[in-house]
Amino acid sequence: MLKKTQTSLEVRYAETDQMQIVHHSNYAIYFEQARVDWLRKQGMHYDKLENEGIMLPLIHLEVNYKKPAVFGDQLQVKTFLTEIPNVKISFDYQIYNQRNELLTSGKTIHAFVSSETRRPMRCPQSILELLSD
Amino acid sequence: MLKKTQTSLEVRYAETDQMQIVHHSNYAIYFEQARVDWLRKQGMHYDKLENEGIMLPLIHLEVNYKKPAVFGDQLQVKTFLTEIPNVKISFDYQIYNQRNELLTSGKTIHAFVSSETRRPMRCPQSILELLSD
Amino acid sequence: MLKKTQTSLEVRYAETDQMQIVHHSNYAIYFEQARVDWLRKQGMHYDKLENEGIMLPLIHLEVNYKKPAVFGDQLQVKTFLTEIPNVKISFDYQIYNQRNELLTSGKTIHAFVSSETRRPMRCPQSILELLSD
Amino acid sequence: MLKKTQTSLEVRYAETDQMQIVHHSNYAIYFEQARVDWLRKQGMHYDKLENEGIMLPLIHLEVNYKKPAVFGDQLQVKTFLTEIPNVKISFDYQIYNQRNELLTSGKTIHAFVSSETRRPMRCPQSILELLSD
């Protein structure tokens, strides 16, 4: 339960801005890549979820910027759950650089939504089981 | 025929990179916005095209970078056809800044594709008529 | 004081994702454009601030997603301060579509930093005066 | 000489658009990542080049789109020179998916520019030597 994964990302040139640091909007994309990786490592792939009629739209995003990342940085994104999902699932993230400095922390909250009815649903049992392995 | 439109765009902060100029990948997006505007001004909206079963996937992109755009620049994108569309449609673009300097020129070529069959199709008569007004 | 501005934005095709809605990372960019516009309407331009040695790095971002925006939507971003800036400045945002539905709300917090010393500084008197007009 | 490298990239969710394929503007970013990797594998890093006063601004971009990439695709970008650099350097790119299908080919042309004088310069001898190893 509350499994933690680590995802590697290299900062791209296109992600920098004229302050010569990573533009802040990219961290939402880093979090997303880390979340896709977290799901995959639990045995779920976004595509598979969508095929099973489960959508995970984002309802809340929060980012705290402590130190900037720069072009070429080798980032590690640590991703973990802080509670057992119910009608929502919350991910926490911490991004470190190659010198193990904490650059950014954040959180995303997603609703479980049925792609058929477009209504909220509970976290499917199959996902809860994957988490409790 | 071969109608020309002009579209205004303001350079966003997020579009800059650490060279303190607009990152080159954004010009494809500027061209796209200008093309959407061109179509709308001829009485076609992307959505309407898609509802009529017509897709216009990009098959070729070309950009020539002469001078950089910078944050806050007020750009004008001039968009025009150089020939009557047939199975393909080609747009030419020129981007000027607020001092009327030519910054970038480019071209995109799109295929007419039926969204039903996913096969190439000719430019629909309805579009040719809009162009010849 | 606590002045409110409204900024118009049109959703770009490139901003959509495969859920056929605006990808969530773009709202940080919408907020930024609205903030640039807010500053400009108070008589400050980012460039001018930077020339005066004032940087406004983002330290916190928060977004609440209520309803999705889609391609072609004409968005209105309402931007306002909730308190008088001191060593930090906080902006609140609300994004509405053309049917006046509230799609997204959010907040950004920025530190005043001297570009010379790279140290935190108080909100310059010149800015406080602009705000109190 | 004319060395060829191969760079792996995973398609990110944020890179898709409402046609449910990778938005065309991302290929310029894929090419850039592949170019950074090519340079690194020859013993040059963008940062090092910039420190030595050498800039490589893009002056021409060309992309041919054959088949779309989709979310989760594991791409291979093959990068190579087609001629010995002089005042310009040209890179060619081919992007393949995990089924070894050629999705996209393209070219970028860059000028050698001195960051001190901002004037064009010849390809430095040190780079030519790296290429001829």
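Letters A, B, C and D mark the chains in the order given here, with residues in each chain numbered from 1 onward.
Just so it is clear, contacts are C-beta pairs under 8 Å (C-beta built on N, C-alpha and C of every residue); 3 or more make two chains touch, one makes a residue touch a chain.
Predicted model only: the values in this text are computed from it and were never measured.
Identify, among C-D, B-D or A-D, the interface equivalent of B-C, where equivalent means over half of the contact pairs coincide by residue number.
Copy of the B-C interface among the listed pairs: A-D.
More C-beta pairs touching across which pair, A-D or A-B?
Between A-B and A-D, contacts are more numerous in A-D.
Quick check: how many Å separate the C-alpha centres of subunit A and subunit C?
24
Which integer distance in Å separates the CA centroid of subunit A from that of subunit D?
Whole-Å distance between the two chain centres: 28.
Can you check how far apart subunit A and subunit B are, centre to centre, with Cα atoms defining each centre and the answer in Å?
34
Do you know which subunit A residues sit against two or more other chains?
13-14, 25, 28-29, 32, 71
Given the complex with subunit C, which residues does subunit A contribute to the contact?
19, 24-26, 28-29, 32, 55, 57-66, 68
Mind listing the subunit D positions that touch subunit C in their complex?
Interface residues on the subunit D side: 13-14, 16-18, 20, 23, 25, 71.
What part of subunit C is in contact with subunit B in the complex they form?
Within the complex, subunit C contacts subunit B at residues 10, 12-14, 28-29, 32-33, 36, 45-47, 71-72.
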